[in-house]
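Two complexes, one shared chain (chain A), two partners (chain B, chain C).
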Partner chain A sequence: MPIYEETYRSWEGSLIPRPRTWRVIGKTGIRLLWKKGMILFILLAYIPFFVRAVQIYLMTRFGEGTPLAEAVQSLKINADFFHGFLQGQWLYLILILIFAGAGLVANDRKYNALTIYFSKPVGFWDYASGKLLIIAFYGALVTLIPAWLLFIIKVMVSQDAAFLNQYYYIPFSILAYFLMVVASLGVLILALSAAARSTRSAAVFYFAILTFPEIIRGILSRIPEAGLFSLNAVLRQAGAGLFGVSRPYVFSPILAWLVLIGVSGLSVLILHWRVRPTEVIK
Partner chain B sequence: MGFLIKFFIRDGIQSRRTLWLGILGLFPVGLALILRLFSSPLARQGIEAAALFPRIGFLLFLHFLMPLVAVFIGSGLIADEVEGRTLPYLLVRPIPRAVLVMSKALAGWLTSAVILAISIAAVHAILALPGGLDVWWGDLGEFLRILGVLLLGLAAYTAFFGMLGALLKHPVLAGLLFTFGWENMVSFFPGNVKFFTIVHYLHTLFPHMRQFQSQNIQTQLLSFIIKTRGTAPALAIGILVALTAVFTGGMVLVLMTREYRLDEV
Partner chain C sequence: MPQKGLASEMNAEYIKENRKQTRHRPVNKNTSTNQHAGFYLSVQLQDFTIQYGALKAVRSVTLEFGAGSTGLLGPNGAGKSSLIKGLLGLVPVASGSALIMGKSVVAERKAIRQVVGYMPEDDCLIPGLTGIGMVQYAGELAGMSREDAMQRGHEILFMTGLGEARYRKVETYSAGMKQRIKLAQAIVHDPKLLFLDEPTSGMDPRGRQEMLDLIQIIASRGKMSIVLATHILVDVERICRQVVIMDKGAVLEQGLVDELRGSYQGSYTVRVEGDEKAFVQWLEKKGCRVSPGEKQHLDVSLPKGKKTGLILEGAKQTDVRLRKLVPGVQTLEDVFVKRIGAESIAHL
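After this line comes the complex of A and B, so read on.
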């Protein structure tokens, strides 16, 4: 082709309407956090899993039907056992969410990386979903995966299918519980990370928001409705419904779900308000 | 040293961290106001707002706000300078590192102590004053003792988390794990393991401690089997002061021996 005909040529490829940028953001974040030594926290969070696995083995092989197992409810392997295990992971989950999530947006804001993100074909929802994927991944490693593994262990060491027939719904309950936790606690840490410029402030405030109402609930233990202010209590109450176990508090589970939806909605609003491509520096 | 302390206090007051601390300090005040506003319905439930002060002091201040404030302030003493890449500018000044660390720690402790003191004084006033000046005056001794315990604890925790901040990359997490994981787990446990916590010595000094001890039958049974030695109040004070000195010394030692490479931040 003569050189004078070498002009601008239109691109002839096809445009992908929604490139999955959120997956790229998520995968990069997961990899970066893994390199920062996340494995240590995860190993720590797996100590209760090993204890519970031993409990399942011993109870299934030697304990079932014995007077001790009948007398001590907490030794039984039932829906309550799995609900209790997920509740027991609370502190580890919070610490891992802090480790994974406190700096996710705060650091991007601190180093003005949002402008770089949004100069690419990345929208707010891509950005938020990508960041949430990171939190969901690490949250799953300490709640969803070990709980599912415990269920599989129980099914495998059982000598018949009675347990599976009776509690076939538990893996779905675990999944629903995990999604509920990510949608509430995960979005909350992102919102706080967006609201604070420093990782430390986001971490301390997240911890305070989760712990303070729980202490108030302890102080005002005679008022059942005080539990509605505690995300821990609200998650327990809603989680009890998912697992079909007796409710730990007397307040309505519908109210518990409304609180969770409210927290998630408010967190998304804060995130939307703080995550902007450009920021006016005063 | 006086100039340095003043400088760090001024620097701290102007930072957003102090604003966040102030907001944290308002949490219990908000609770006290709510308790006071709803005192009549609470009284019908058998809850006397004024009588809740020791419980609030124990659960909200000793086991929540004070350690959290200490984590917030302490972990940032050295780590903030490392993250902000300002540590070399501090270290090249003709000031001994020990003086630098002690000034920073003292300034951090003073700032958080003032916020904590205002917060607990406001809570005490809100809960006790409606009962009359006599009630407030009558509880003053208990209030001062609780405040003293909190300030002692704040000094020990701030120094400890300061040392963690100089040593670790994630001091906040380590601090939260220590305080709300390890200490909460073993501080009420019978046996000698609780001597490896800071909060045990604060429990020794806290007024009316018996009412907060676990009524759990398993814990009582364990206490019966494993005989536990108590700690004398004077010894507890001595240990807390010694721990503060040791942790501050540790912070100085880390700063003197460790090479902070900014390209690794």
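After this line comes the complex of A and C, so read on.
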């Protein structure tokens, strides 16, 4: 343990000319959340993964080509399987996003931390990217990583290269789906965190935005376009296009993409409006 | 009105002083006055204006800060904090230009922020981090490597008196400790220029003294220039060599603290025995300004060009006995009150 003098000494080192501050922000945020017990959420989110992994093993080794496998579509290991797995992770993803994202900007605003950030060589995009990296990391742990692992398991337990030849695009579809989720749901939770002053209100608001439109969709189920109200439905519809599977809703996938772009754009605007170095009282 | 070129004089004096000091210091080949000269014009402002809606917080300020420590002095709402925030790019600049160490505050904002430290006035913390975590984080954001930031963070926390509390969450810190951690995060990367915005606000007298001691140590030991924004005169008198007095967003006075104090020449403290009233009337007829001072003394300001002989003549003419005649001592407070008061009257 070095002995420190209680006086000021100049630092002889040199600064990195253009520090990648977004990486510093992201890494520090990831570490902080990890210490807060994110591992418990993540372990919970891996229960479906283990079930699916067992399914892949059993179906590949013993089930393929059997009458049962042919009869029950959901047992087949194909693009639908991976799309379905990602859809099944929805609840865990939302919980992770709320736990990880609701306080990311709200707490910084509450403690005036933005002044400290912006007095360093940090710009708005560095800050926003850093915070989004935190969300992306934890989002990846419950979507991208297990889905990729499932694909690898399937390839490994397969006797031949037929599956790989047929579904070589699936890892890219998983990645595209993940990026779509981060760019929409991830940026949305950041925007709500910036708009709210407390973590709790950001979490409640986020939950409400995801739940109430789902109820409206249920009530207006006879109207095909009602699905556009629900982010879950919109993501399913857009995701189906990415995996090349049959669309679950009748509304146009272009409309689904437009809704997602709109949500992301609006979220960035809110974030830009609320993330300011200092509060100016006019 | 701000005087253009004054900073050059201040710099000349600073360098002269620096040379004087280096003569007495042990010679270190790595330290030369030229190192200071490289950034001796820390800040240059030209018609610099900060506006919040219709309110002009900083009004067309043109001034230059030299190296060393500069006090930004003014009452609340004078525009000191806005000026600093404008220089750091934390609030938009309405018009004018500003350079920090030769770099434009608008075009080279990030480069400036890397070599500048800022201790904000408000409570600012990065939640969830320990003291060492926050200082290390600040260092990394400024461009230090993780290892350097960690090592330097420990050093700075010991220096600021937070060594024992460095593993505690910053949210649990007392008001005084929060001030210290703000200072620590501002100096961890050893900035060339340090902005301190009301560094002693909300601190108890002991804490205030300790904070001023710290700032004084940094000012004397480090190679960094300091800009101290405060409304507390004694803090400026203690820390700063240069001062800029602001009110209502404008610069009222600027110069070396010692010069401003001394610019009250022609002022005397007088005590007389006898017909004081007649003596005062006589002096006032001759153009002197006379005001009652402390302990039955009179503060006499002579008209320009007149000397103490006028006071002696007055005493002779009015037949009073002169018991005391000493040069008046002007504190920074006198200058401040005089300037702020005069401006306020002018605004009425």
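In this section, the second predicted complex is superposed on the first by the 262 of 282 C-alpha atoms of A that agree within 3 Å, B and C clash if a C-alpha of one lies under 4 Å from a C-alpha of the other, contacts with A are read in each partner's own complex, and residues count from 1 in each chain.
Note that a contact is a pair of C-beta atoms (placed from the backbone, for glycine too) under 8 Å apart; a residue touches a chain by one contact, two chains touch by 3 or more.
The shown structure was predicted, so the numbers you read here are calculated from the model rather than taken from an experiment.
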(request) Tell me which partner A:Leu32 touches in the superposition: chain B (first), chain C (second), both or neither. (result) second
(request) Could you look at A:Ala140 and tell me whether it touches chain B, chain C, both or neither (first, second, both, neither)? (result) neither
(request) Kindly classify A:Gly218 by the partners it touches after superposition: chain B alone (first), chain C alone (second), both, or neither? (result) first
(message) I'd like to know which partner A:Thr115 touches here: chain B for first, chain C for second, both or neither.
(response) second
(message) As a test of reading the superposition: which chain, chain B or chain C, is in touch with more residues of chain A?
(response) C
(message) A:Tyr8 in the overlay: touching chain B, chain C, both, or neither? Say first, second, both or neither.
(response) second
(message) With both complexes overlaid on chain A, does A:Phe99 touch chain B (first), chain C (second), both or neither?
(response) first
(message) Shared contact residues on chain A, chain B side and chain C side combined as an intersection?
(response) 36
(request) Going by the contact rule at the top, pick out the chain B residues touching chain A in the complex. (result) 16-17, 20, 24, 27, 31, 42, 45-47, 52, 55-56, 59-60, 63-64, 68, 71-72, 75-76, 79, 169-170, 172-173, 176-177, 180-181
(message) Taking the touch rule as given, give the residues of chain C at its contact with chain A in the complex, in rising order.
(response) 52-53, 55, 85, 88-91, 109-111, 113-118, 120, 122-129, 133, 137-138, 140-145, 148, 152, 154-155, 158-159, 161, 163, 171, 185-187, 189-190, 214, 217-218, 221-223
(message) Using the touch definition from the top, list the residues of chain A that touch chain B in their complex.
(response) 36-37, 41, 91, 95, 98-99, 196-201, 203-205, 207-208, 211-212, 215-216, 218-220, 222-223
(message) For the complex, give me every residue of chain A touching chain C.
(response) 2, 4-11, 13, 15-19, 21, 24-25, 28, 32, 36, 107-108, 110-113, 115-123, 277-278, 280-282
